[in-house]
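Next up: some structures, all given as structure tokens.
Paired with subunit B in one complex and with subunit C in the other, subunit A is shared by the two complexes that follow.
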Partner chain A sequence: MNPAELTAYITSNFSGQLETVENDQAEPYFIVPLSDLVPFSKFIHDDPQLELNYLMNMAGVDTGEQFEVVLNPCSLVNMQRLFFKVVLDRGDPKFDTVSNLWAAANWYEREIWELYGFEITGHPNLKRFLLPDDWDDGFPLRKGWVGKNVIPLPEK
Partner chain B sequence: MGIISKLPVFTENLPGGGLVTTSLNQILTMTQAKSLWYLLFGTACCAIELMATGASRYDFDRLGMIFRASPRQSDLMIVAGTVTYKMAPIVKRLYDQMAEPRYVLAMGGCAIGGGPFYYDSYSVLRGIDKIIPVDVYVPGCPPRPEALLQGCLEVGKKLRTQKLEDWSGPKNESR
Partner chain C sequence: MTQDLHTEKMVINMGPHHPSTHGVCRLILTLDGENVVECEPVIGYLHRSIEKICENRTYAQCIPLMDRFEYVTSMSCNWVFALATEKLTDLEIPERAEYLRVIMTELNRIASHLLCIGVTGLDLGALTPFLYTFRERELILDLFEMTCGQRLTYNYIRIGGVSQDIPDEFIPKCREFLDIFDEKVDDYEKVLTENPIWMARNKGIGVISKQQVYDFAISGPSARASGVDFDIRRDDPYSVYDRFDYTIPVFEGGDSYDRYRARVQEMRESAKIIGQALDQLPGGDIRAKVRAMFKPKAGEVYSRIENSRGEMGIYLLSDGGKKPVRVRARGASYNHLLIIPEIIKGLKIADLVAIFASLDVILPEIDR
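Let's look at the complex of A and B:
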């Protein structure tokens, strides 16, 4: 399927609400409601036409206004991939784990939990692995965070 | 007689040869400077230059430098690359495990002072001299193999000035 066909197939076959983001990239891009994260992931993972069985990348984003999680699954069967993201509640950033669908999500979610402080419900093994074990200095990748050890860039 | 004639001033060449008097300190430092085994500690891109230095084109071995994977067999620790706060206790522990006399060479901007990660970084240690004493700094990002070779020769020079008593016992704590 080419990107246009892929977009049409997913929007017509997925039961929930989807927002398609127009872009000039080779992959379709969706914004999925937070409550539909797991159903949508399950749909694209299990659907025989899609079979997006491999999570290439998953990252947290802090745009300054909102928290997002971007996922980039791909299919090693059909050789196609897509992007989708969920927007989190800024006051209470929280999303459900998809690590039971894509095993790769396990470490990505740990990374997001560690560096952004998003709460991940249902994750089997939330432990630090990037920061020192005794870290207690907040979440370094959030916008506006200034830690104890950070030396800010001097003004020009 | 080739080596003997190069020995320092304490040498006495007796008539007929075969007998030499020198100080233990001199003979030990001379042999040590000629076989400076180093602990491989490549944490970032400087390690690539370190590998290039060890490979056939620049050939570390001709200085008698052979890498050891164990700190207990090493005389010199070449810290090649970025050291993070998470890595810092490990560097310290490896240094503590090295037998004296021991030397440290900080290779590249990151190991010297944080390098490009000095500002706005939450994770990078600003120089390994915050945790262990450094004998020779080799600047560069990364330094070329020639610079590293020069640095190792400087370590050799410094090693020749060492006194055995400097390394024995708890006096070393003040170093």
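Let's look at the complex of A and C:
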């Protein structure tokens, strides 16, 4: 399926509300409602026409205005790619784990949990990952984070 | 008397400074005698917060940081970041630059595989192949040094092209290397491939099934050794890879031995690509005109390339300003380390070393 067919197939076969974002990249791009993250992931993972069984990348994002989680699955069967994201509640950032669908998401999510402080419901192993074990200095990848030991450069 | 005899499980740390962890990685092992019951990787010793630093640098300043993302194949790191950025611009990359990128990255792939094969031998007690592979790796590093002055962190592939043209002596030197290289690979194979000790240590060890390749997002030679015919150069094409004639070696075993064989075959194929690229190398510019204050369009993109270890990708979010809003670097080793606890269960500690080496896990790529 080419990207346009893929977009049409997904929007017509998935029961939830999807927002399609027009862009000039090679893959379809969706914004999925937060409550539909797991059903949507399950749909694209299990559907025999899609079989997006390989999670290339998963990233937390802080745009400065909102928290997002971006997922890039692809299929090693028919080599299709997809790009989708969920927007989190800024006051209470929280989403359900997809690591039981894609095992690779285990560490991707652990990293997001640690560096962004998003709560991940149902994740099997949320432990310190990249930062030191005794880290208590907030969530460094959030915008506007200033660490205790960060000395800002003088203004020019 | 005999019913009082019992064994206890023992928990030990392997690393962080263990020579066969290829960087700084700690593995918490639960052992029953010499058998591994559980293995938990602890990482973060090499965390340099490259992603956070990128958010405070301009796009051009991010490229040297990417060199440090995965310093064994810096060319691919430079390239994948440049590729992601270029997708958000209208830049026309000159043909010569694309060919130079292919030549350099394939040379880098050979250098990386030579390192991997040599070091795997070293980890398993075979010193000779290490000396052989490093002899040829040296020739490749000399080629890089004459092109961009660096042997390890090149900063060569830039947004819009490459930093400088190759010197006149590059092509003859490179051809000289390609002429001898195939025979040298035969030499490594003579020492290793049919070697009974090598086969005993690697065959049937650390088998990754096809389903695990999908679930854990294993890529590169490690996926192709498990029978998954997947290569980004062919399946998600970028640059000028569609103009070369090469095959993608696929093996069915999924064990350490097949991962080794996949790497050996890949080196031969890479040498073929370089030969063809040198034949077709066009003249002309080496860099598109990029403004000094470079700003891509607003947008987001995930771009990926085939690195020597597997899929290397960059997720880039731009708001149209001079600095990226978010950069996430994805390296293949990240997923390869994640699968080790799954495939090590029930094997011996010595097998762990073989698996670790054959998956070619490089820690800076994981910690970033």
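Some points to look at:
We adopt the following convention: the second predicted complex is superposed on the first by the 155 of 156 C-alpha atoms of A that agree within 3 Å, B and C clash if a C-alpha of one lies under 4 Å from a C-alpha of the other, contacts with A are read in each partner's own complex, and residues count from 1 in each chain.
In this text, contacts are C-beta pairs under 8 Å (C-beta built on N, C-alpha and C of every residue); 3 or more make two chains touch, one makes a residue touch a chain.
Model, not experiment: these values are computed from the prediction.
In the superposed pair of complexes, A:Ile151 makes contact with subunit B only, with no contact to subunit C.
In the superposed model, more residues of subunit A are touched by C than by the other of subunit B and subunit C. Using the contact criterion defined above for the overlaid structures, shared-chain residue A:Asp96 touches neither subunit B nor subunit C, since it reaches no partner. Touch criterion met: A:Pro132 reaches subunit B and subunit C at once.
Of the two partner chains, neither subunit B nor subunit C is touched by A:Asp47. By the touch criterion defined above, A:Pro140 reaches both subunit B and subunit C. In the superposition on chain A, the residues of subunit A contacting both subunit B and subunit C are 130-132, 140. Residue ranges of subunit A in contact with subunit C, taken from their complex: 23, 25, 53-57, 59, 61-64, 70, 72, 74, 76, 79, 81, 83, 102-104, 106-107, 128-132, 140-141. The touching residues of subunit A, when paired with subunit B in their complex, are 130-132, 137, 140, 147, 149-154. Against subunit A, the residues of subunit C that register as touching in their complex are 43-44, 47, 49, 51-52, 87, 212-217, 223, 228, 230, 235-236, 299-302, 304, 311, 313, 315, 317, 319, 325-326, 328, 330, 334-335, 338, 367-368.
Against subunit A, in their complex, subunit B makes its touches with residues 85-86, 118-123, 126.
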